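For clarity, chains are labelled A, B, C, D and E in written order, and residue numbers in each chain start from 1.
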Amino acid sequence: MSENSTERENHLAHADGAVLRADNLIAGYLPGVNILNGADLYCQPGELVGIIGPNGAGKSTLLKALFGLVKVHTGQVLLKGDDITNQRADQLVTKGIGFVPQTNNVFPSLTIEENLEMGCYQAPGTFTERFDFVTDLFPTLGTRRKQRAGSLSGGERQMVAMGRALMMNPSVLLLDEPSAGLSPVMQDEVFVQTRKINKAGVSVIMVEQNANRCLQICDRGYVLDQGRNAYSGTGKSLAGDPKVIELYLGTLGAAS
Amino acid sequence: MAAELTAAQAALAQVATDPGAKKPDPIVVGSGITRTFGGLKAVDVEHIEIQRGVITALIGPNGAGKTTLFNLLTGFDEPNSGQWSFNGNALQSVSAYKVARLGMVRTFQLTKVLAKLTVIENMRLGATGQKGEKFWLAPFKWLWKGQEDEITSRADDLLARFKLDAKREDFAGSLSGGQRKLLEMARALMVDPELIMLDEPMAGVNPALKQSLLGHVQSLRDEGRTVLFVEHDMDMVRHISDWVIVMAQGQIVAEGTPQSVMADQRVIDAYLGAHHDTDLSELDEAALEAEVEAEIKEEQA
Amino acid sequence: ACGSEDSSSDAESNDSPSESSSSSAEPVAEGDGTLTFGSLLPATGSLAFLGPPEFAGVDLAVKEINEAGGVLGKDVVHVRGDSGDADSGIAPAESDKLIDAGSDVIVGAASSGVSLTAIDKIMSAGVVMYSPANTSTAFDEGDYSKPDLYFRTAPSDILQGAVLANLLVKDGRKNVAILARQDAYGETLASEIKKNLEAQGSAVALTEFYGEKAQTFDTQVQEIAGAGADAVVLVAFEETTSIIPQLVSAGAGPKDLPTYFVDGNTADYSSEASVPLPAGTLEGTKGTIPGAETAGDFKDRLKGVDPKLTDYSYSAESYDAVVTSALAAIAAQSDAGEAIASKLVDVTTGGEKCTTFADCAALLEADPAADIDYDGVSGPIELGETGSPTAASIGIYEYDAENKISPVEYISGNI
Amino acid sequence: MGDGTAIDVTLSDDSKKVDGQPAPIEGVTLTVTTDDGTEVGEDVTDAEGKASIPLPGGGTYTVTLDEDTLPEGIELDSKTRTELEVRVLISGSATIAAFPIGVQAADTTGFATKLIDSIVSGIKFGLIIALAALGLSLIFGATGLTNFAHGELITLGGVVTYWFNRDAGLPVILAGLAAVLVSALFGYAQDRVLWRPLRRRGTGLIAMMIVSIGFALFLRSIFQYTFGGSTQTYDQYVAQVRHSWGPIHLNDKEIAIIVISLVVITAVCIAMMKTRMGKAMRAVSDNPALSASSGMRVDSVIRNAWILGTALTGLSGVLLGLNSQVSFQNGGRMLLLVFAAVTLGGLGTIWGALLGSLVIGIIVEVGPTFGVPSSIKEVGALVVLILILLVRPQGILGRRERIG
Amino acid sequence: MDFLEILRTALQQALGPTAIVYVLAAIGINVHFGYTGLLNFGQSGFMAVGAYGLAVTVVILDGSFWLGVAVSFVAALALAIVLGLPTLRLRADYLAIVTIATSEALRLVFGSVEMKDTFGGSNGLTGYSKVYKDLNPYSDGIDLGFISYRRDDLWNITVGWSLVAICCLVVWALMRSPWGRVLRSIREDEDAVRSLGKNVFAYKMQALILGGMIGGLAGLFFALKQASVVPTDYNTNLTFLAYTALLVGGAARVLGPVVGGVILWFLLSGLGATFGQMTSGPDPILPTWLMDSSQSSLTRFIVTGLALMLLMIFRPQGIFGDRREIAIDGR
């Protein structure tokens, strides 16, 4: 595990001053079964961080642990220096973190409009303004505003999920596979918009299986495997790393 | 792509590339299929044919009606009108399980794993014609033991290929999003169907694994099976599909080989997008920043 | 009766006539030596207002029997059980408890419906079931018509039905509506009343039943109010307190239509009662309760065991059930249920009359084969073929402006 | 003989009244014979229309009226009724027999009146159910819990009102208000003490449902323990006479019940549709984790659902007690109907619960008018429930889920 | 207090005929709910038709006892089919309401005055169990030293536990097979199973019939041991207690209902005996102002309610259940 220890050193060396930082997280769903085995992560202000890795590596678990939805056994999560380990999700929302889960990410029995309304639950006054913003991004959501989310197509749901998180205008955004299920044009739109949001000062941490695209836009990337960081570096360097390509990225996308 | 084309693939060369084109040896033929939800016409397919023995991709923007068409074809939803047949058997108002038994099996876009069964049990369930599933034979283990062993070994092979072997004894409910997709697909393959319909099988699957699975899908075709899949991942469409059908707003708007379809300007506009094939890191960062600043100013004003 | 080997250790049992039992010629069922009474009476449920007098009757009898020297040389024992409601399923469970506690005679239940849920269980355990209050005709029919282990001191509703019908005809009611609870009691009493009314020339406008678990009585009350009847008979338990206000609402209250009660609801509804009705509601309403007038001195003795007693319905019947069982045990020289059952009819009919346990026991002590005829506080108690009284009195009561009852007259009859 | 056992016959003409009493008929001959036809005695009615024939003892006798001796213009109602077969059980005093003469046709209510009356009481009953159903729906909506202890929350309203009213001496209106407050508090407390810790432990819905069965048993027994097994009434508004409002007959308290429940139900329904809280409750039931991720305090949303739901249910109990009676079983008896109502309307839809309740209430009460035996009138509602669900498996206002 | 006596009563009841009735009912529910996910809240309905099948055949129709037994099976089968045909396509919670409604409707009809001639009204029916009683091979009760059973009960528990053993064996053999796997899959997601070509309706029907017939058997045994069939016995509480027994033991486990039923009755009667002792006698342990003997019988239910809640809170999977399965359940 020499690679791993260099990863750890790397982390400790650069993590200072991060908006969101997680040190040596050990977490899991069931007692005795740890899914995260000492994952580290930091995100500097205004940074766009991508996380990739094989299925079941613990990417979603990591995001959930950051967001207080999975219990962290050891390690800590800091937001701008404050310890937020295992805090309630709604408190984190108040502190400006937004989260789009990978699955079950809409309220099926609420309409699109109501789903989005829930997004700005803590600041109802901003609804109309943010709603316009989101429907600009995803025009379908505007035209179908009265449809129940439970009857939407897979891609439409994904738009609602993303839209909901954007409603609250967060300062840190955690995205779990936001592009999954979207048509290519919408995927690109999501990536571009994410970048745009990020440029406007929002720190973003995104998990993606559309790894090439993700590494193209992100400032820095992590490769997670078996609950700990396997590699990290700038998006470009990771995308070009032959080891990463062999183990995680594959050659399909690059061939084009 | 395979070096030598199978006869079925070769036959596609003759097919016209207009929507609803006739195929030389169709396994599924449907016409006049419509389905409306309230005022929305989710599916409005005049004619559709799926060629036997090839891999057909069904693409189209979100909400185009692809999943709904799957639902209709496989008996999970009732159309407002339309007829279709599989291998010459008319399938209108045939219940879903009978459709599956005829050899037409589908997966679900939003996965449906059997949460409190282990992964291997999920797999075993897929196998058809199990003696032990008959009430009167079930209590007598010696009657179905042999078959069960054979099923299990087949399941284990598939699990290994789908990188789920480590999860063999875990409850399916504890799988990650991508693992569920994989299990869903592997389980459908256990049915050993003639036509397998995959609804976004690769969404959320790790690229390296995806690559290795594509080979598997191709080998299915090479065994003589027909594959129909919905996918937004153009790499996959490009690499393995022999034929592409494009849907938009419920209708089939284009058909053809992957190359021809992807070059179609309408498809690019409505579906693939302008940035398609460009590297996003080459985006004009400065322009993006300027845009953002302009917006911020607008807001302040 | 089988305590011969432990008599050496049992100092006080030496003077009892235990040797006579071992030499007794008849093959009697073996008991455990102690006559145990289980009471399966309504501590809870819709007859709970009858619990206190019935328990007091049993307690008093047990106390007096033990004061008079007990049965077969040992004190008799009382184990309490609750009968609950028929739908609460308490009774069968409590019966198990009582049987396990070694009961030889189970006194109860009060409600006929409840009794039916436990009767087979009790009888198949070889225990006597002796109800002080069951009046349904069901216990003299079908399976229970044979002389078996079921007895009661309350007369069958054949008599109450006749008396009530007679009262109605006498009061000039020509078209009567009956509202009854749908259970073993309500059904049979309603049909007895109807039969007698029709035989005696009065019509029955309609008979309406409601389920024991009814949520509302609106429909039934509407039917009754709209039947054009000139009197209403209400065969009910405690739900009376819900039905009466609804009858009033529908314009068919006791003030609009003469109303008649029966033993299930001829209770105290004054402001002191546990379930009051607004004063004046029931004024002039009449009701029947089986049983002779409760003697003042008996009331005083009951007050001795339960000073809080206000109601006396079925206390005498409960008392007599215990006393007759004790006498039957002495006569049979065994405390086993089957043995008691075989003598119960004997000790209540034909022979030398006696009216208290002490007197009767003395007669039997003098000659175990003596034929006695116990006449109790509830009446002459003549148990017939089927284990039910063949002669009894029915009291007619009337409500005053305070909703309290007072007896008008007692009518006796034979079944 | 001579101990007083006798058959007394009273003859009077109901069509003629003297001082409000039927006019006695004098001079009619009556004969009593035994089973085998032996004559026992004969008597002629006196000025009061009475005749008395002493009997040797109990038994079955036939009383025959000699029609020829009837005065001019008076006829028996039915030809067959010149003979009565009387079974004499009463000894020592007379058994009375009467012959129906001039009895007026009974003044029965017509079908239409009955129907209207039953519909009105159905609506009233339905509204009471609706309050409880709304409460159930809210709680189900926010937590997904099938709460089998819901019936006991109905009981709570009635029982507490009773205590405030009878034991503390408050007027019913105040007592009822107090009971609704206590219910609300109880809603808060039970969430705090029971359900919230359960949620914290991640207890599944099925396990929670079983907990609610245990809780129901617990509460019902507590009520029985403290309140007693008997049925009680409040001390006001117990027996009110109905007035006519056109074809509708209602008394004051019934009007109050209808008005109060209508107002409360409408207010709650509108609030649920329009306010953030209403949407938040649905959101929380759909997906608690996502709700938290949206910034909702899931626990407080659920707590509010419990408070409001229990208060509404308590109100239903208060009104039920006002309408009829208070007993520890009040709620348990209503539970199935409340469940049926919520299901019928479509699980989780607020208006559905209301509609379902009205349908259930009306069917229960109207059924008997169309021949449903009234002793089992609930069966009608249950059968209709089953039939409707067969046609619309998702309930009247429910929506089908999408597959795939 | 006499703890030995309490223990004795509790043990005797826990292994006695009443517990067996609940165990059998719970085994049926286990097939429905535990394995297949059918939320059948109408088990008391199946039990009622089982019991009435026998009683009506013998008492009203004058048929033979064995014919009655056969009828009682056929009745449960028929109810399963009649109930299943239309309702098996309903969602789980709707199915619950329909079944509970059906069982209540059945109970009300069985007890109605209008049908008194067929079902005996609310008195119910008696006098059908002679053949069963005559089959009793024991000449005497049994005394195991600590607990003892009367002759009748000895026969009842012999028959009862044999039935339980047979049912458990059948359930075990079926549930380990692929057939059982299909049922468990249906519990998780019907559509997934359908998409794999299994006739979900047929499987659900088979499960409903199997569990319903075990329920009918429970009713039959209830009728035999009780010697009377009374409609009020078949109320929804019966179903609820059977569910409790099942969940106490652990759903989807072959022995879950058995252990659960025994424990439930042990608790119920043990508590009853305890409080009974504390409040009875001339000088009760608990002062009468606090609790009198009628309230003591209620305390048992209060404590049972509490115990059930605590059990579910601290061991939601039941005694045999798997903690991991419960964790999956979280929404």
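Here, a residue touches a chain if its C-beta (ideal position, glycine included) is under 8 Å from a C-beta of that chain, and two chains touch if they have at least 3 such contacts.
Since the model is a prediction, treat every value here as computed from it, not as a measurement.
Visitor: Quick one: which chains contact chain C and chain D both?
Guide: Shared contacts of chain C and chain D: E.
Visitor: Please report the smallest number of touch steps linking chain D to chain E.
Guide: Counted as steps through touching chains, the separation is 1.
Visitor: Hey, which pair has more contacts between C-betas, C-E or A-B?
Guide: The comparison resolves to A-B.
Visitor: Farthest chain from chain B, going by the mean of C-alpha atoms per chain?
Guide: C
Visitor: Taking all protein C-alpha atoms shown, work out their mean, then name the chain whose own C-alpha mean is nearest to it.
Guide: Answer for the innermost chain: E.
Visitor: Report the inter-chain centroid distance for chain B and chain C in whole angstrom, where each centroid is the mean of the CA atoms.
Guide: That gives a centre separation of 77 Å.
Visitor: Could you give the separation in Å between the centres of chain B and chain D, each centre being the mean of its C-alpha atoms?
Guide: Between these chains, centre-to-centre, one finds 58 Å.
Visitor: For chain B, give me the residues that contact two or more of the other chains.
Guide: 67-68, 76, 108-110, 174
Visitor: Scan chain A for residues touching two or more other chains and write them down.
Guide: If we look for residues of chain A contacting two or more partner chains, we find 29-30, 151.
Visitor: Show the residues in chain E shared as contacts by 2 or more other chains, in ascending order.
Guide: Within chain E, the residues that touch at least two other chains are 108, 111-113, 191, 298, 324, 327.
Visitor: Okay, in this complex, where on chain D does chain C touch?
Guide: Answer in residue numbers: 8, 10, 12, 14, 21-22, 58, 81, 84-87, 89-93, 95-100, 103, 105-109, 113-114, 117-118, 121, 125, 224, 228-233, 235, 238-242, 251, 254, 323-325, 333-334, 337, 364-365, 367-369, 373-378.
Visitor: For the complex, give me every residue of chain E touching chain C.
Guide: Those residues of chain E that touch chain C are 9, 12-13, 16, 18, 108, 111-113, 116, 121-124, 126-127, 129, 133, 150, 152, 226-228, 230, 232-233, 235, 237-238, 269, 272-273, 276, 280, 293-294, 297-298.
Visitor: What residues on chain E touch chain B, complex-wise?
Guide: Where chain E meets chain B, its residues are 170, 173-174, 176-182, 184-185, 187-189, 191-200, 206, 324-325, 328.
Visitor: Considering only the defined contacts, which chain C positions touch chain D in the complex?
Guide: Interface residues on chain C, with respect to chain D: 44-46, 48-49, 158-159, 162-163, 166, 169-170, 172, 174-175, 182, 196, 199-203, 205, 208-211, 213-220, 222-223, 225-229, 238-239, 241-242, 244-246, 248-251, 253, 274-278, 281, 411-415.
Visitor: Quick check: in the complex, which residue numbers of chain B touch chain E?
Guide: 74, 76, 95-98, 100-101, 105-108, 112-117, 121-122, 124-126, 128, 130-135, 138-141, 144, 148, 171, 173-174, 187-188, 190-191
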